[in-house]
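For clarity, chains are labelled A, B, C and D in written order, and residue numbers in each chain start from 1.
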Amino acid sequence: MIIVIQSKDQVGLVSAISTVLANLQLNIVSLREHVDKAENRFFMRIEVEQDSDADALETAILQVLPGGAIVKVNPVPTKKVVVMVTKEYHCLADILVRHYFKTLGAEVLCVIGNHAHLGDICKRFDIPFYAVLTEGNSKEAFESQVQAHIAAYQPDYIILAKFMRILSPQFVAQYPGKIINIHHSFLPAFVGANPYKQAFERGVKLIGATAHFVTNELDEGPIIAQQIIPVNHTYNTAAMVKAGKDIEVAALAKALQMVFSDRVFVYNNKTVVFE
Amino acid sequence: MIIVIQSKDQVGLVSAISTVLANLQLNIVSLREHVDKAENRFFMRIEVEQDSDADALETAILQVLPGGAIVKVNPVPTKKVVVMVTKEYHCLADILVRHYFKTLGAEVLCVIGNHAHLGDICKRFDIPFYAVLTEGNSKEAFESQVQAHIAAYQPDYIILAKFMRILSPQFVAQYPGKIINIHHSFLPAFVGANPYKQAFERGVKLIGATAHFVTNELDEGPIIAQQIIPVNHTYNTAAMVKAGKDIEVAALAKALQMVFSDRVFVYNNKTVVFE
Amino acid sequence: MIIVIQSKDQVGLVSAISTVLANLQLNIVSLREHVDKAENRFFMRIEVEQDSDADALETAILQVLPGGAIVKVNPVPTKKVVVMVTKEYHCLADILVRHYFKTLGAEVLCVIGNHAHLGDICKRFDIPFYAVLTEGNSKEAFESQVQAHIAAYQPDYIILAKFMRILSPQFVAQYPGKIINIHHSFLPAFVGANPYKQAFERGVKLIGATAHFVTNELDEGPIIAQQIIPVNHTYNTAAMVKAGKDIEVAALAKALQMVFSDRVFVYNNKTVVFE
Amino acid sequence: MIIVIQSKDQVGLVSAISTVLANLQLNIVSLREHVDKAENRFFMRIEVEQDSDADALETAILQVLPGGAIVKVNPVPTKKVVVMVTKEYHCLADILVRHYFKTLGAEVLCVIGNHAHLGDICKRFDIPFYAVLTEGNSKEAFESQVQAHIAAYQPDYIILAKFMRILSPQFVAQYPGKIINIHHSFLPAFVGANPYKQAFERGVKLIGATAHFVTNELDEGPIIAQQIIPVNHTYNTAAMVKAGKDIEVAALAKALQMVFSDRVFVYNNKTVVFE
């Protein structure tokens, strides 16, 4: 059973929380704690060996915490996700393969593409694919169709697995803290379009990929995971795009693994990640 | 103030320990805990904001733990170390520079070399250097002279910073858990002499360095930190030796930083390192 | 067009070879050259912009080289491969996905499994799968059935993508320089069975994966690519196995990419890899 | 002997150049070549076993190249450098130690500090140190005093080893292609002051360091080498500063090693680095 806690900090929190667990004979097998001194903020993730009544435990823990605390016991056993894509296959394929072999740690409900391109690979894995084309569609119409699909599935998270269109603030506001994007640069370098072209032109010696929660500031949401790979003068933009695919897959996979196992806390546009 | 605890595991340890601290109004700013389920072993490192009487706190914590537990409060504020070297300068120079600029986290008491080679650099940093030559000296005589120097300084740790001679079991037995070595390979690959030559002959694509506690099994002691660096077909043995120096420095520096800040626990020939 | 050359070294080789190309008005866009001084051996890979008659060019280049040289012009445009597997999916899935999206740089002819386990994923990608079970089959019978399948497909390479059974010297001798294996350790550490269990017991802080050509010395063939990933005390053997999968995929993918683009030369049980 | 060549590209360059060498019985032990197709630019670095008359060889090679080519034979056997610093010691100490043990590949002529802070470490290594204080000095006066020192030493390169003051365009213009800086971020992220504070506020999961040639665009010069290190939520700005020091040392050391061995070519605000 997993317990995640976020709260104002004060003396005695660890004692108070762990005493609640000890009184219930729950054995702690893993405990991670972080205090952000500057913000006076307390974060904790506990794994206990035994199961227990989640609601009762949440209530019991809340009683020993300062007001405004957030406690979740065993939050959503297997996360449910909708994946959004454009044409690039690599992140989607990684998700589909892990899902198929039951190592993703989440259930893929459906895939939505703004091109029809990736429908076939979804079909091969028996995952529903919806082509909601951007071409010939207003942004509003496009987003409302996407929202209708999402509404039908009620996912815990929406994964933008190389979805190459900027979503409107109205859309993003529907799913606070629920949209995870993979951006193909080492943010905050190369915000926006064509980061590999920007990287090539700047002559960098490392390129990166960043998995982050989506907020209404473009490429400015809380960062979950980043990866880099060395490049050199022999890489033109196309070669960087190609080399970058592997770290995009890796950064997104790492971020999803952390999120799906309740290891990620968000506060003040940053994350605490208990790896 | 830092508290390190190693003990048999049982339900309620976190609660019991943290309640002792809470009762003393000690605020936990960092807590790391690990349970080795297979060995039923509990490891914990706590940083608290305030200072407190160390002996009293040790006693209070021991009272809530199972028999045989080890508790150290604020163990040896600044570690004292003796460094042993042969001819290679890089690890020693890194230690001397950090020591000089007070970022080593330890006090270098003296350096002992089995060649006179590195005496001058020590002198430049005002560190006593003793040349105890292996040439023309029996192993017994050599080691007894080294032991006399160590006895005069009473260090907490002995750092083998590229000391290229195997120490006898009798010598090692004098300093259990106190000798830290940097071995120039990715152990357990290439145990013993000339690991880079072995690596070159095997045609590996990565070379490594391993910092570990010394036991009487050659290159078999508990590993603290490891580093690697890519190599390729253009590296002959000499080039590997050269490339390896930087990761030897890095692995040893990392290990020392962890040990000097009381983040390393040893159990069953392995380490728990709370980075 | 790609030209690969291996030869005894002597003065003037670059001049002689490049003059052959210049006389044919072939423009060199990439040239990599390595001389192993100790072995007096010369390796070269050239990409030229234009195409030319391969046989004529090979003959022309051979004429300017010492006796015994090997020259291949544009060797096998797209390599053909047979993949062998047991139960683990991750390396196979990576190959199937890249193949499906035409980024593998090779054609997957079929997959042979010594368990039936991975038949379904092959079927989903329309790749023939042959289950040649080891259970209830002598080693001889097993290998002769596998050889029959291979004979039917005539691949350039046989990829052991987590094929967990040791092949006989007789089998290996059939395909010299053609079998590529991914071993789940940082060779030469942890040769043989259960490397992650060995790694766990040794308490290493990095685990590795090694892609290599198969010879008749177990895990002793020429290394093509190696990858590592950090681990720590929280990893038991199962967690190491899981963490290792990603670097097994990465090391094998890198090795295949190098081999399929004619960047790998083998000499004296080592490789020259022009990345 | 090392030969570096930069030129417009055209068919037959490798042949023409290598034939010049072959005619002189010079044996090529290493040859690296790069063609930037987009820019139609040719770069080459050759190591030959034997020595030869440098001027005659330059002339002979220039004769077979297009107009405007640059050829340097064995350029400046050991580079001479002036180092500029402020208060941080780590990059300077690394340079001084390598210099003292003759592994820097360059001669350190003197160190200029805009604080007196690092004078003592230079004295310990018998390197002249000049304190040219910025405090109580106009920028003009400061720079003209620095220029006087540089003029007295005539270095090939000026190394800004954590020199924390922006130099004027007039100053930089004096030393085109000769000033190398280490910037404490993964450029182009976090240009300008306090990059670690910027990194902390953005919540990145990797921090970087960039060694680059200095031009009159702040932090926009050609990048030579970059390094990164993972960070997490436990790092405040001070911890990032501390963690960053090791990669600043590493990135600068790598860049200097490449520059001092004539492996770096600059073109169009980018570098070609033949590692």
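As a convention for this text, contacts are C-beta pairs under 8 Å (C-beta built on N, C-alpha and C of every residue); 3 or more make two chains touch, one makes a residue touch a chain.
Here the structure is a predicted model, which means the values were calculated and not measured.
Taking the definition of touch as given, a chain qualifies here only if it contacts chain C and chain D alike; those chains are A, B. Comparing chain pairs B-C and B-D by the number of C-beta pairs in contact, the larger count belongs to B-C. Centroid to centroid, with C-alpha atoms defining each point, chain B and chain D lie 35 Å apart. Separation between the centroids of chain B and chain C, computed from CA atoms only, is 40 Å. Listed for chain A are residues 30, 34, 37, 234, each touching two or more other chains.
Within the complex formed with chain B, the chain D residues making contact are 30, 89-90, 93-94, 97, 100-101, 103, 121, 124-125, 234, 242, 246, 250, 253.
Of all residues in chain D, only 11-16, 18-19, 21-22, 25-35, 37 touch chain C in the complex they form.
By the touch criterion given at the top, residues 34, 36-38, 186-190, 202-206, 208, 222-226, 228, 232-234, 236, 269-273, 275 of chain C touch chain B in their complex.
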